[in-house]
Amino acid sequence: MDKIKVTIDNRTVEVAKGTTILKAAQQLGIEIPTLCHFELEGLNFHNRPGGCRICVVEVPGRRTLAPACVTECMPDMVVYTNSPRVLNARKTVLELILSDHPADCLNCSKCGSCELQDLAIRFGVRENPYVGGNHVQSEYKVEVSPSIIRDMNKCVMCRRCEEMCNKVQTVGALSAIERGFPAVVSTAFGNTLTESPCVFCGQCVAVCPVGALTEVDNNYQVLRDLADPNKKTVVQVAPAVRVALGEEFGMKPGEIVTGKLAAALKAIGFDYVFDTDWSADLTIMEEGTELIGRLKKFLAGDKDVKIPLMTSCCPAWVNFYEKHFPQLREYPSSAKSPQQMFGAVAKNYFAEKINCKREDMVCVSVMPCLAKKYETGREEFKKNGNPDVDYSISTRELARLIKMFNIDFNTLEPIEFDSPLGESTGAAVIFGATGGVMEAAVRTAYEVLTGKTLPKIDFEELRGLEGVREAVVDIDGLKLNLAVVYGLGNARKMLELIEKGECKYHAIEVMACPGGCIDGAGQPYHHGDSSIIKARWEATYRADRELPIRKSHENPSIQAIYKEYYKEPCGHLSHEQLHTIYFDKKIRVDEE
Amino acid sequence: MKIQKQLKDQIVEICNSFNNDPCNLINVLHQVQGKIGYLPVEVQQVIAECLHIPASKVYGVVTFYAFFTMTPKGKYAVSVCLGTACYVRGAEKVLEEFERQLGIKSGETDATGTFSLNTLRCVGACGLAPVAMVGDKVYGRLTPADVKAIVEEYRAMEK
Amino acid sequence: MANYKYHILICGGTGCHASQSAKIKENFEQLLKEKNLENDVQVIATGCFGFCEKGPIVKMLPDNTFYTQVKPEDCREIIDEHIIKGRKVERLLYLDPKTQEHKSDSKHMGFYKKQMRIALRNCGFINPENIDEYIARDGYKALASVLEQNDPEATIEDIKKSGLRGRGGAGFPTGVKWGLCRPNKADQKYMICNADEGDPGAFMDRSILEGDPHSIIEAMAIGGFCIGATKGLIYIRAEYPLAIHRLQVAIGQAREYGLLGKNIFGTDFDFDIELRYGAGAFVCGEETALIHSMEGQRGEPTFKPPFPAVEGFMKKPSNVNNVETLANIPVIINKGWEWFSSIGTEKSKGTKVFALAGQINNVGLIEVPMGITLREIIYEIGGGIKGGKQFKAVQTGGPSGGCLTEKFLDTPIDYENLVAAGSMMGSGGMIVMDETSCMVSVAKFYLDFTVEESCGKCSPCRIGNKRMCEILDKITKGQGTMEDLDTLRNLAKVIKDSALCGLGQTSPNPVLSTIDNFWDEYVAHVVDKKCPAGQCKALKKYVIDPDKCKGCTACARKCPVGAIHGTVKNPHEIDQAACIKCGTCIDTCKFNAISIQ
Amino acid sequence: MEKIKSLADLKKRREELQSNMQLREMGDNVDNMIQVKVAMATCGIASGAKQVMETIINECNTRKLPVVVTQTGCMGYCYAEPTVEVKKPGQEPVVFGYINPAKATELVEKYLVGNELLDGIIPVNYEKIDK
């Protein structure tokens, strides 16, 4: 590739043609501030509207300042990133942005991880000539949805959410509306997210630089119930939480903190600290059995059987096909997600076992996800109005809870999860990463179908961080065509193939978030650093390798519950408790 | 959301005439607004469905362009030109007088749906500045004193 | 075919149309029929003559008599006197304000004397809805010769050498632009015409489209051939129904004649044109925003590069030219680049069309050679300031331009000089202001426009212009401080330096140029709390002179808010708190008793 | 309408169309052209002024002469009708009387083209044609 030389702040660097000034400066260790710019390398997400103008730099000879994030280096270009002209413009632009932003940092849920706040700190904006007097601020209604709070008064029009919602997720819930000063990102007609095509994947929240899009905070409800002596509190923790939570306590990304996590939850006062990994194993039993059943029919020539089977663990994905492709809703597995399987087991089997009334049990989940909050509220997951899972809190919320409880996470002694709903396998851990559910299912399906032991437990062909991957897995002569996708845009492609009758796969795993749950919208903010996602991904497979049991059907506690309670996967009771149905939730106009 | 079948059919037909090509969204919106006068929510939703684009996008476009409106205009749509030529010849005062005579602010429609008042940027009759339009009829070289008579002219037609 | 002895040309431009020119045409036709003259006299609706101030215009040929402000009821007299008796209808002739003489030939009128019509060559001359008239005026000859020559590079070279620059605003050399698009390989390229004239006070593009639509079609085909595009798109304001209609007619005729479509002039060149409608967004004049709008998106500009020449409409190489630019193309080819480049200044060749408006006697559309001075335009063509008032400033370049004072009146107009003076060519709005215009209010007027028209994508434009506007508002209300002026100046500079697109980058010009040229006026508002022009409502006070007031009660009866009190035959008083400063009282008072303080 | 298939085609078409436009083209340059006024009051028309005008226009068209032909009211020389006034650029106007179609052709040939005066000049003090 062609190399060119550029001189930035009097230092010269050689960069590939097409490199932006921003990237070239980074090579020299010059950190030009940005706000709207956002990229997830390798995850195919680029947001470069060149809109905020925080990153402007001076290029002698150019009439105006150049935005470093989009301006490509030219041969022998000279750039100044800190000239008086640049600094004045940057400070003024920052003052302008701040002048249309509420100064409520102290009670903003983004406080401490806000990119605008970081800039304000960096530039020491003390007095703002554009605040007060007759200077107005935008005013928009705040929306609290089941998962996401939209406070567009804080929107800085970086458009990351819009890009994510439309280009990556192809959900189309959000768009910039109006123009000029009143311009803002909104749903169609200012409707609520529930009334919109939004699937609550929360990726808009994951990329929002400020507090305009944040999660609904359920911590105080959890605290209230923890304090209630009449309540039995049960907590479950999703696989992806353990590879990310450490980041909130200064650990390097990819640290596996399973034991500390359990200890922290105990310290907070949960009566039973269980693991969603356990129900992930249960999911494999149910979903794997369903897959085997459908496959057998399919191979026998049954034309009505729905192949491919698509996974159904991801609640944003469930919302997606209910809202966007309800006509195809028979393809996904009817198995509930691990969170809801856990809730069902906890409030039926376990409540009975510990002799606790359903109403007296509070089931909390810790999830890397915001769609899980919506999922807990689904009517079909309630009995007499009492939900199987009472609250779902995000990894970030848990971190706050831990801090609130004065727990020094770093020095905590690791402990094991409680029994019986705490034992799990490596197959469950990898649910957290893209391809994990498929791999776990294949590990079990192989042995169940063939009765033989897997010759090699690692299915490398299903792993990776590309948005669409496919593999042929040979199950003792039966060649299974499998696909793994993440990002709802990729999922849409699969659904369109099915719709056209051109889908060649037997099974497809879908996760809504980039890289799977490890980059879920409830995880610690990565602020565009994709190496963090990579580290979580690697940790996920490391955790799998380190576990003694790595196949779901070998989980002794799973085997026990089938023996004792459910009798068999996809049996009568499991259909009642562990499976669900899907609805047509498409937004449409009816004829009068 | 509900829509009358007849209206929906009309919209579908317009979209079809543009091959349901999302590129033609603005042309579609023009035709639909030309037909029904404004672009209510359910109409935008139908257009979105026809063109296979999110309703949010349609809404984003409708709210971006000044030409599109989501509220019905009055029977007599009064537009006062606020182009530069009209401005320097006192269009603001003419607008104020219309606001006073009609009892509505610019951008509003009166309660009976008879009059609506808007401003626009240059009708291109700068020689006649300041200019106002009622429907398609152009009134030029206006002074605030002329406004009352113009309004009365239409009020009389209503009686 | 009838052998007509007279042609009656009636302006069918929007301005004259608004004053019943269609009815005039109808009357003429009916009268001619009555008198059995329909085979001797042809009545033609043309495009704009430019002299909108005196519209509707009727021109009699072959003797070139120019009738102004014709009313439908004047038609009979014109037929009886002019056509039948060969006598000019004096009262309808243009009256020279200086000499008080009637002028019948437009060439002798100050308004036309200094003009040079290239882009407007056919406006007011041909029937825009008749392709034959265009062809008779060398129409499509340029296209034919370009196709015959079959050397697009040579044609591009000619356009480059002619020195033609974009007439939409920034003045990028047209030939260079074509040359950048040509080498880019793609299965489809687009030749786009920007007809989304958004400057509130400029209407030259509309006039060309209404008066000479075929010139644009021909130029687009030439451009398409040069850059290798077979599809043409015209992005036109939906608020221009007449221009749209004329274009549609013209495109239909051109197709019928095989001048659009497949194998034009028997060559293997195919070209056709489609219309796309704008929907009222000034920013869509910016080419990337325009392209997004044509794609059915919000008209938000994107960073360049990639330039449209590489990635334009539907991500295909595209070339965007403005209407007036295109109107010059056929003439350049027909008359040669040498001829064109002999007109104008060193760096700005040819002519420029301006929409002359404001406090000036002759409002209208003018075309002048580059290098002419503002003084010539204002005083010779424009006939000076209306009502004999004092010239104060002239605003060029619309919301992107600036206000120029007396000291720039003798500067030759070209792209560079206008920028150096703190304004710009822009699309060609030229608003003349007299002593009664408050320059702070004028700056605010333009800022209001920019705030309303900002797309909202970049922060300096979205928030910065709003803030500037708020500060200006404060100043016009007498609440400004000297610090506000510093803030304003800094903000203006930063927006100019950091906004995303041309609209944003030039939006502070009206503020900067008025601060630079009318600093004292700003200071008067801030320090003395006075508006020297007496425009700023909050700073003016209507008072009744008790000595002059006769107590006639006329003002009190007219006051819309009942702010004037007093008894009959006794001096009245204005309640300042209730007064809305509408000025009705001052217009009503017969005794000059009311004044503004 | 038949399609235009070549530059030659276009040229041909243009020539066919130009005669009508010529009338307008002339107006643009009225000062530098010969102006012919045919008196067309009742007396003029009665004595054949209409035919005279037609003839002059046709003759000028075929010869492609830059001549503006208009009609005018009674010039007051009713005894000599049809009368025709000719004004050449920079010269005083000349009025010819007793013009018939044949004489009109002669007028065009001799005076307009050749600047040779004809019989029938009516001696008058002329005002400017275009006051």
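Just so it is clear, A, B, C and D label the chains in written order, and each chain counts residues from 1 on its own.
What we mean here is this: contacts are C-beta pairs under 8 Å (C-beta built on N, C-alpha and C of every residue); 3 or more make two chains touch, one makes a residue touch a chain.
The model shown is predicted, which means the values in this text are computed figures rather than measured ones.
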Contact-richer chain pair (by C-beta pairs counted) among C-D and B-C: B-C
Most distant chain from chain B by Cα centroid: D
Centroid spacing, where centroids are CA-atom means, of chain C and chain D in whole angstrom: 40
Interchain centroid distance [CA atoms averaged], chain A/chain D, Å: 89
Separation of chain B from chain C, taking each centre as the mean of its C-alpha atoms, in whole Å: 23
Separation of chain A from chain B, taking each centre as the mean of its C-alpha atoms, in whole Å: 44
Touching two or more other chains - residue numbers and ranges from chain A: 176, 178-179
For chain C, residues contacting two or more additional chains: 281, 298, 452, 455
Multi-chain contact sites of chain B, meaning residues that touch two or more partners: 57, 60, 64
Residues on chain A engaged by chain C in the complex (per definition of touch): 48-54, 56, 64-65, 67, 70-72, 85, 88-89, 92-93, 96-97, 99-100, 129-130, 133-136, 156-157, 159, 176, 178-183
Interface residues, chain C side, partner chain D - complex: 1, 3-7, 9, 42, 59, 61-64, 83-87, 104-105, 107, 125-126, 132-133, 135-141, 144-145, 147-148, 256-259, 265-266
Contact footprint of chain C on chain B as seen in their complex: 21-27, 29-30, 51, 57, 60-61, 64-68, 82-85, 87-89, 93, 96-97, 100, 120-129, 131, 138, 140, 144-145
Residues of chain B touching chain A in the complex: 1-5, 8, 41-42, 44-46, 48-49, 53-60, 63-64
Complex contacts: residues of chain C adjacent to chain A: 281, 283, 298, 300, 302-303, 305, 451-460, 462-467, 470, 473-474, 479, 483, 487, 490-491, 494, 496-500, 505
